[in-house]
Amino acid sequence: MDKERYERGWEKLRQIHGEEGERFIENVKSVAPDLARFIVEFGFGDVYSRPGLDIKTREIVTVAALTALGNAQPQLKVHIQAALNVGCSHEEMVEVMTQLAVYAGFPAALNGIGLVKQVFEDVDKKRT
Amino acid sequence: MDKERYERGWEKLRQIHGEEGERFIENVKSVAPDLARFIVEFGFGDVYSRPGLDIKTREIVTVAALTALGNAQPQLKVHIQAALNVGCSHEEMVEVMTQLAVYAGFPAALNGIGLVKQVFEDVDKKRT
Amino acid sequence: MDKERYERGWEKLRQIHGEEGERFIENVKSVAPDLARFIVEFGFGDVYSRPGLDIKTREIVTVAALTALGNAQPQLKVHIQAALNVGCSHEEMVEVMTQLAVYAGFPAALNGIGLVKQVFEDVDKKRT
Amino acid sequence: MDKERYERGWEKLRQIHGEEGERFIENVKSVAPDLARFIVEFGFGDVYSRPGLDIKTREIVTVAALTALGNAQPQLKVHIQAALNVGCSHEEMVEVMTQLAVYAGFPAALNGIGLVKQVFEDVDKKRT
Amino acid sequence: MDKERYERGWEKLRQIHGEEGERFIENVKSVAPDLARFIVEFGFGDVYSRPGLDIKTREIVTVAALTALGNAQPQLKVHIQAALNVGCSHEEMVEVMTQLAVYAGFPAALNGIGLVKQVFEDVDKKRT
Amino acid sequence: MDKERYERGWEKLRQIHGEEGERFIENVKSVAPDLARFIVEFGFGDVYSRPGLDIKTREIVTVAALTALGNAQPQLKVHIQAALNVGCSHEEMVEVMTQLAVYAGFPAALNGIGLVKQVFEDVDKKRT
């Protein structure tokens, strides 16, 4: 195991997804420990840690891709939350979905909007 | 016909896609004139002209979505060129594709990289 | 805001989706008011109001597309209901799904059939 | 081999796709004879021969599904031609694509329009 | 109705999916009896009964395809169970998902892993 | 750079894709050197080198996934060739495609068959 990549990945994962991200990795580990390790090492240690795109733009890329794919709603919700964690605004998330209506169709955009709504309601609940 | 939306859209289309964009619309018009009009009015006049996301980020959203969908290679090439037109760098396009390897798989990312290469070769040819 | 397009769209939306459609638009409005407006103006005012295909065939096109895409189950259910609202029969919906088994595979068709079943059970419940 | 299903399918295939359809089946037969047989028996003998949807509507369903899937451009072209063979008009094909802009996004619709254009140019060439 | 194909298909269906498969077919029959028949005759009688790939490999092909498509989670769960029924191991299912992270992206693979986990928990529950 | 993972990956890549694979990596390197490195390190060094599924089954998984996705025809062709390189037969490739007709639809399966045909014609040409 490559300790440096793993640790860099784990730091990045915590920055983006917080404690929920840690719990998710633990959950994957219980079935597929190496796949969990690849997410940390490759996804976060190799890719998300790269320069060349700031972290906010990286999350926007991920949210756009998952909305277009349309087959990964749980991950899309997690990444809308992550986008907020790294500084995206409510308005920016709505704009990404509006833009996607043109390129991936209104149903994909509307499923995305539904998740944006859920994430903001969760945020509001935690505040109160 | 809504003149203001159309003109705002046409300006935006020219800013993003240049003369190639105009020719494309003329081409669509010859088969489906109303669909061509909807692209200008809705796609560019309503959506691309919105505040809330700068034009560079909008192009990054579009490139990410088309790479993830994977079924619109001609449009993806046109939007990689458009991303450069509005100020994205070669490096940023490569980073979008690298990020997408994680979320949409390596084949989608590699097809995107192939188009990034083509666009940069076209740019180099025009320069010389 | 283009009043004529919006009103034409709203009428069409009511014809196709009834009160459930109105509630849906209100729901989208609470997060993304302009996207809600685009659905009414563009989706229903511009596109669904066009001549060239009768409303029944338009709903069949939508149901076929959503079944093939497979990533918009809530919208598919709503449009199977809408197809019935504008005059499609139970048998026609089953035939669309059967045809799609050939082109999009049995899983997509069977998910469609599951929704057809739900819609018909809902219809039966309302009757009694 | 089930002679009746095969013959019914072969007749239906000829009605829809003409000689081009026969050549296609011969071509598939040279690599995968049973898959070729399944297309004739199941696709055309079992499904396309069913009552419940007229042949024009069946082709519209297929064209809508293939445009939405977006990953089967050669088949989409063949089915736009088939739609004309069984009585669909140029306008109806354009309307299907316009409707799909809403549900599958503009790129899918525009790739469809490009094929509609090709099919009509081919038809015009044959006439002269 | 082709009795031989139907019976061969029914036997194969029972071998792969057990009683749950029978109940599923009964359920489809209540809405779309011919589609239910095509699943048995074509899917199981014609295709799954073929030589050329052993039944374990056929299930691996199906699991890989459904994971990549990503829009048929109920079927994917059923086929992970079926893969175990015909002799695949827990480890093999995890490896299929790990391999798919490379080709279809981590979200598709992780949704697959989530279902693998569910299936194994169901198996454990039945044992105790 | 992790030398061991890279070298293990490079060996695996050569075993599966031969010289064509090396040329492909060089080509990606010229635009996106780190993405090329990730393919070797992660795709081949981490994943393809794993125990738990033999190399033939891994290629069958990849071919099934790419056929189902349908948006990566160049990669699908390369992996059909790779499947033959690691010991799959012509018949097995045809069976994978036949199985996929059921799960991903006939168009996806037929596009796969077209590539199987091309690969076998290429093999025959090289022999003579």
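Labels for the chains are A, B, C, D, E and F, by order of writing; each one numbers its residues from 1.
Here is the rule we use: a contact is a pair of C-beta atoms (placed from the backbone, for glycine too) under 8 Å apart; a residue touches a chain by one contact, two chains touch by 3 or more.
Nothing here was measured: the structure is a model prediction, and the numbers come from that model.
Listing every chain that touches chain A and chain F alike gives B, C, D, E.
More C-beta pairs touch across one of B-C and A-E than the other; that pair is A-E. Relative to the C-alpha centre of chain B, the farthest chain centre belongs to E. For this pair, chain B with chain E, the centres built from the Cα atoms lie 40 Å apart. With each centre defined as the average position of its C-alpha atoms, the distance from chain D to chain F rounds to 30 Å.
Centroids built from CA atoms put chain E at 29 Å from chain D. As a whole-number value, the distance joining the C-alpha centres of chain C and chain D reads 24 Å.
Residues of chain B in contact with two or more other chains: 34, 38, 42-43, 47, 50, 66, 69-71, 94, 98, 101-108.
Taken as a contact graph, with one node per protein chain and an edge wherever two chains touch, the assembly is complete, since every chain touches every other chain. Chain C makes touch with chain D in their complex at residues 42-43, 47-48, 50, 52-53, 57-58, 60-62, 64-69, 91-92, 94-96, 98-104. Residues of chain C touching chain A in their complex: 28, 30-32, 34-35, 38-39, 43, 66, 69-72, 74-75. Chain D meets chain B in the complex at residues 69-71, 94, 97-98, 101, 105-111, 113, 116-117, 120. Remark: chain A residues 2, 5, 34, 38, 42, 46-47, 50 touch chain F in the complex.
Contacts from chain A toward chain D in the complex involve residues 101-108.
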